[in-house]
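Common to both upcoming complexes is chain A, partnered first by chain B, then by chain C.
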Partner chain A sequence: MSDVDIKQTLLNYQKIMDQSSYPYINDVSAYEKLSKIGQGTFGEVFKARCKSTGRMVALKKILMENEKEGFPITALREVKMLEQLKHQNITDLIEVCSAKGSSSNTKDRTTFYLVFAFCEHDLAGLLSNQKVRMQLVHVKTMMKHLITGLNKLHRSRILHRDMKAANVLISKEGVLKLADFGLARPFVQRENSAAPRPLYTNRVVTLWYRPPELLLGDRQYGTKIDVWGAGCIMAEMWTRQPIMQGDTEQRQLQLISGLCGSICPQVWPNCVNMPLWGAMIAEPNTALPQRKPRVLRDRMNKIIKYDPSDAKLPASFQHGPDEEAMCLLEHLLSIDPDKRPTADEAEDDIWFFKEPFPRENVGDLMETIPNSQFEYTVGKGAHAGRGRHHNNQPRPHQQQRQQSNAIPAGQYRDTIF
Partner chain B sequence: MADWVWPLEALKATPSIQAGLTKEQELVYRREGIKLITEIGTALNCKPRPTIGVAAVYFHRFYMLHSFQKFNREVTALCCLFLAGKVEDFPKKCKSVCEAAIHHYPDIYGRYQNLVDDVMGIERVLLHSLKFDLQVCLPYDALLEYKTMFPDMSREQFQITDAVQIAWTFINDSIYTTLCITTEPQMIAIALLHLAFTVKGYQPVQQNMDPCWWSADVSNWPQESVDKACHLVLDFYAATKEHPVLDSKRLTQYQP
Partner chain C sequence: MSSIQEKRKLVEAKLQTMIRTIVKPKEPNGKAEPKKEEEEKFESDYKQKENPEIIPSSFGKRPIYSKVDINCDKWLMTLDEESRLKIDNPPSLADGLSKELEEEIRYLGCELIQQGAILLKLPQTAAATGQILFQRYYYQKSFVRYHFEHAVQACLLLASKIEEEPRRPREVYNVFHRLERLHRLQQSGIEINKETTHGMKPPVIDVNYINTKQHMINSERRILATLGFVVHVKHPHRLIVAYGYSLGITNSRPDILQKSWNYMNDGLRTDIFMRYKPETIACACIFLAARTVEDPLALPSSPFHWFEAFDASDRDVEAIALQLVNLYARRRFPNWPCIKAELETLRNAKNAEKAAEKAKEIAEKLEKMAPELEYSNGIESKKESPINEREKKSGADRSKDRRRKRSNERDGKGDRRDRDRDRGDREDRRKDDKRDKRKRSRSRSRDRKDKNRNRDVGKKYHRGSNSPPRYRR
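What follows is the complex of A and B.
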């Protein structure tokens, strides 16, 4: 190595040392808090603006009080997973910030914040806003993003465990982002089936999006629980609200049976091995009604349609249901987890390779959202992690009269199955 | 995220050296910290892959940003172990970590009144310093990949298995050196597998007959750099042969 090289190396080294001088991570004062927008898994969420770049961010506060074991392991998990998951369809963790606690405390309590790129929209808000008219191409593009993001997640061996429309964010540019990894966890591939599989907590996934195996007490579930959630979200693209809104686990199972057909060994051989199967099937007022037909296709056929406005399509297509979309949805919402496609298979589904083709983004849809209207319906913005899907819209039939010429796919429907 | 590989020259001007330690003294301090991590970790049922390995990487990185004079190595070592356990989903209660520490090294940890609080206190500094970049890649994965690279050696299967076994041990021991802050994990795997071949006198035969068998995978990595990495590990063995690390269960103290 020549002297010049060594000098250069030392200079570079000096640069590294300069960059890493205290404080090694940004102080939260680099951001200007604008408003509180919600409650995350371990603390409040704020909307904020970066003082130097003007970039809008969501600050997720990590509560350290009552934490006997230091920095919460759930937050560590989330940070570590998000570092691994840099992908355009997954929420972007910009950095972790800290704030010095008030010095009144004898102990130096530092508060940490996760800093995310801010997304103004979430799918639940978007869908509940009837002014947002979605065409088939928008639905397809958003589903493509959703499944691509989910595939990245599963390839990285991570379960999301809280798939729901409220946890799907949409950027200004019209790109979907899977968000809220508060319940996510890494999983072990079950390659060697001889090894005992670890048991996971069963108490995951918001009730309306919870698959049959979880409702039946399964603790050895896998990626297919997220696939079920993706199916619920896909149907919701047309119904414009969660398709099965049970208020108890029993009720949720009944709703699933009513829509997807009875949960029975004929459609799902392994169901009898689920921890709660025996007790539940024996109950007089069982949550597992038998001989229910699968009516998903009938219910959805009326609304999963091509856009009549799409001139590129042959005339025969214009009024029939989108058969490929229906097929994918049926697949995603299979009662038997083993019959659901993996995210990888779903990403290659034929539907995504048929007209109308999915686009880069749904930016054009974003532009149609009137700002004031948006403020009214979504108010809190995304990142709020709402547990429930509030619907404070005017009743749909009033709206329909005004919009008699509205395209079917964009129409608001009051379809609770 | 941040770049965690430093040039070799950086080791001549670490915060501890700037604060008055010599390079050799610092290496002794680092080895002692790693020894604490290894012994206490093993007592808690942690394995070199991943918990102890990750804790060691945290420890070495931390002392590229702070001096031993300012942050004592015994508490930092415990904290690295505690944090690595949480990150690698093999959490140990902070209290258990501290109890194991006091049990195994009473002379070192016995004088602490509130060891748990001290570990908690340093956790924030550690997280700050690591910039929350907690995901650490260890050389073991790369080693297992290279194992499949020698079909010709699999005729005598024990040869490659044997070599990988030895390389695995080298990787276990390499955490005592500064290899993980100057060399990518993949390179460490190459260097130490090469060392294992050399020690055993095995010829890693490849179709292209390139003596640098790794060149297909990592070009521009000259033999001399590989040798340098190997020597770092060999130096560790030489330096601790006569005097094993923490043999007296007391920390070495250098007076400034």
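What follows is the complex of A and C.
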């Protein structure tokens, strides 16, 4: 850079500084809202186009109407974490925008928007569309991306705490990205267990993807809760719907016992130390049925129905998940969190180094899908009934989900997170 | 390019010698390892940098697509001319605040944040974050325009969230309230001990609380917007420990580390965190501590100063050290009520100025709208004249007035007379406006009453003191 260049750039800065009232924050009017693509307790998500570059983005509005404690700490965390996390498999935060309140009574209220790079699909929407045919190599590539992203998160000492198919986005290029850090938080990693570990809030993760230790009231959980979610998503790749759809926490525990075998000290020595273990095991109609076999493998083979006459299906897919895949899945869905692999170990799993090798991306799969597949717009899954064109019966889970999401929003009820 | 290559070689050679010179005087056991790491680290850093040019600070740069820039380096204001200008002329000065008073308010605000953080049982990092946010904010906004009391509370609230130790606005309010009363006690010369503070109870929930909370939350949002969410601060605390370790003083001289740590915490009250990188500040703190500690320690200085290994120049280090030493020359604690009163007068002046400008605009509009009416009516045109005069005066002259006023304030006596005259002027102007506009909404007149009352508060204050109020002790 020569002196002239520097002077020129400085002049440009000066101009920009003079023009805008907030020199470090852009106004949201730089983007043109196209349509709404999601809604939840966290706020609204819009698809938008940048007026100057034409690039597609997703605008996530930070809701502040109900905040009695000032700016929500979850949003602060989200911004703080996403700015550290620049990774191929993690959603890309472009900037934070503001919009000045227009009406007179909210004159001083600025609304903030998080601007993300736009992704065409989310995994839940994709899986619910039966026309999307996935081969083993696609599943493997997507799992590889998912676990790589998760590993990056955990290496950066962040818990996602809301792993689910709807929070996994897939870009047009076929790259999978972890999204929605509304529940995420940094954690402290202490090797020496002498110091007491901090307590986190227990009411996290959408019920269907919630691991047994959270259901048993654990508040000193770690990265393994996300690994369980990854396991659920992996199974979902074949079953095409969430594998355990409980409507209450008790029901969810029963479903887990039914699929992964009963939760007992033989399988998980530490389970007796869980806060809710004593109360739950004593109940007459217990949520923890004992002596249930682990049927995950059989069930997976049964659930996955293929039409052998369908000649279009490639040979590798007709047999469903192969032996190594089942092995990894079994591992990811271990009852005992200590027996679950870390994301780092899972990334090096033998499955990813066997034929068919995971590819760079699943672009070829994406090319076969003409429209965006979002859970919200497709109208299935947790957002069913809230979508625009479908009147599917809302699943019993929906209510629960709202609850489980509502609690972290009012998190000041318990001050220790 | 060739010159860059040469420079690169020079730096490399310099570093090699540096590392060697530091290694030698230290005890060999346990020392060898960190050195090696550092060497490696440096090399890897070096390799990573494809482009060795000095990049000017990205201060004020707009975030560009796909190159998101939400890091704290954005807030270093040294490299480019414009940010230097900005740091020398904080926005408050434009509103008529004197440079000394501006510094005073900064000091007071930081002090309050520090004390508030202690009362809220926040970690020191949160206190540091809060103070740095406060400093950054008031390099963008004016003290006159935005009440620093609200910003102090908002900074505490925000810092507690950033450092993952969330506190409620209610708690912040309680603490701030207590600090305010403690401060009043201190100002009136009463010693603060258990007996004098015994009667202090947390404030009750009243209108005042609700208003303050609203202000706090609005202010918090404004801070976030103003800083563009660049609220994450890199603290030199850890760096001091790391540097101390590589200098081999962690175990032998813990007092130096403690002292440099203290220097850094005190340095939060100055603007060094706006100007220098945390690495440089850490070096300066150790540098100063090693000299001022009871048993001074000579850190390696030949052939190069030790801190050059950490990418700090002697010019910067000495400048920071000087600023830190100057900090301790301060004898008095800022007088809060005085500052408040001073800001209030400025605020009123500004409001009046704004009102006058608005009136002027309306007058102009009227003039344009109904020229016939105005010219046909003899009384109207008479009234027009004083406004026109003032219009002429308004631009350059008014600022001159303000300057004169400020200089007069130091003399004390002339000040009041001047202000009285000003006030008379202003009231005249108001009357004129009234006649011009013929009717005035009720809310306006209420406004005026409020302003008058506020001004009376200021007046009362001035009456109570013989010397200029700012330096009353």
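Note that in this section the second predicted complex is superposed on the first by the 316 of 417 C-alpha atoms of A that agree within 3 Å, B and C clash if a C-alpha of one lies under 4 Å from a C-alpha of the other, contacts with A are read in each partner's own complex, and residues count from 1 in each chain.
In the analysis below, a contact is a pair of C-beta atoms (placed from the backbone, for glycine too) under 8 Å apart; a residue touches a chain by one contact, two chains touch by 3 or more.
No experiment lies behind these values; they were computed from the predicted model shown.
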Counting only touches as set out at the top, which of chain B and chain C does A:Asn270 meet: first, second, both, neither? neither
After lining up the shared chain so the two structures overlap, which partner does A:Ser156 touch, if you call chain B first and chain C second: first, second, both or neither? neither
Comparing chain C with chain B, which touches more residues belonging to chain A? C
By the touch definition at the top of the document, which applies to A:Glu69: first (chain B), second (chain C), both, or neither? both
Touching A:Asp92 in the superposition: chain B (first), chain C (second), both, neither? second
Is A:Gln290 touching the first partner chain B, the second partner chain C, both, or neither of them? neither
Do any residues of chain A touch both chain B and chain C, and if so, which are they? 6, 9-10, 13, 16-17, 23-25, 68-71, 73, 76, 79-80, 83, 95-96, 98, 108, 110, 112, 186
Okay, in this complex, where on chain A does chain C touch? 1, 6, 9-10, 13-14, 16-17, 22-26, 50, 53, 55, 64, 67-71, 73, 76, 79-80, 83, 86, 92-96, 98, 108-110, 112, 117, 185-186, 412, 415, 417
List the residues on chain C that touch chain A in their complex, please. 53, 56, 59-63, 65-66, 68, 70-71, 74, 80-82, 140, 154, 157-158, 161-162, 164, 166, 168-169, 216-218, 220-222, 224-232
Would you pull the chain B residues touching chain A in the complex into a rising list? 1-3, 6-7, 9-10, 13, 65, 82-83, 86-87, 89, 91, 93-94, 117, 119-121, 123-124, 127-135
Residue positions on chain A within touch of chain B in the complex are 6, 9-10, 12-13, 16-17, 20, 23-25, 68-71, 73, 76-77, 79-80, 83-84, 95-96, 98, 107-108, 110, 112, 186
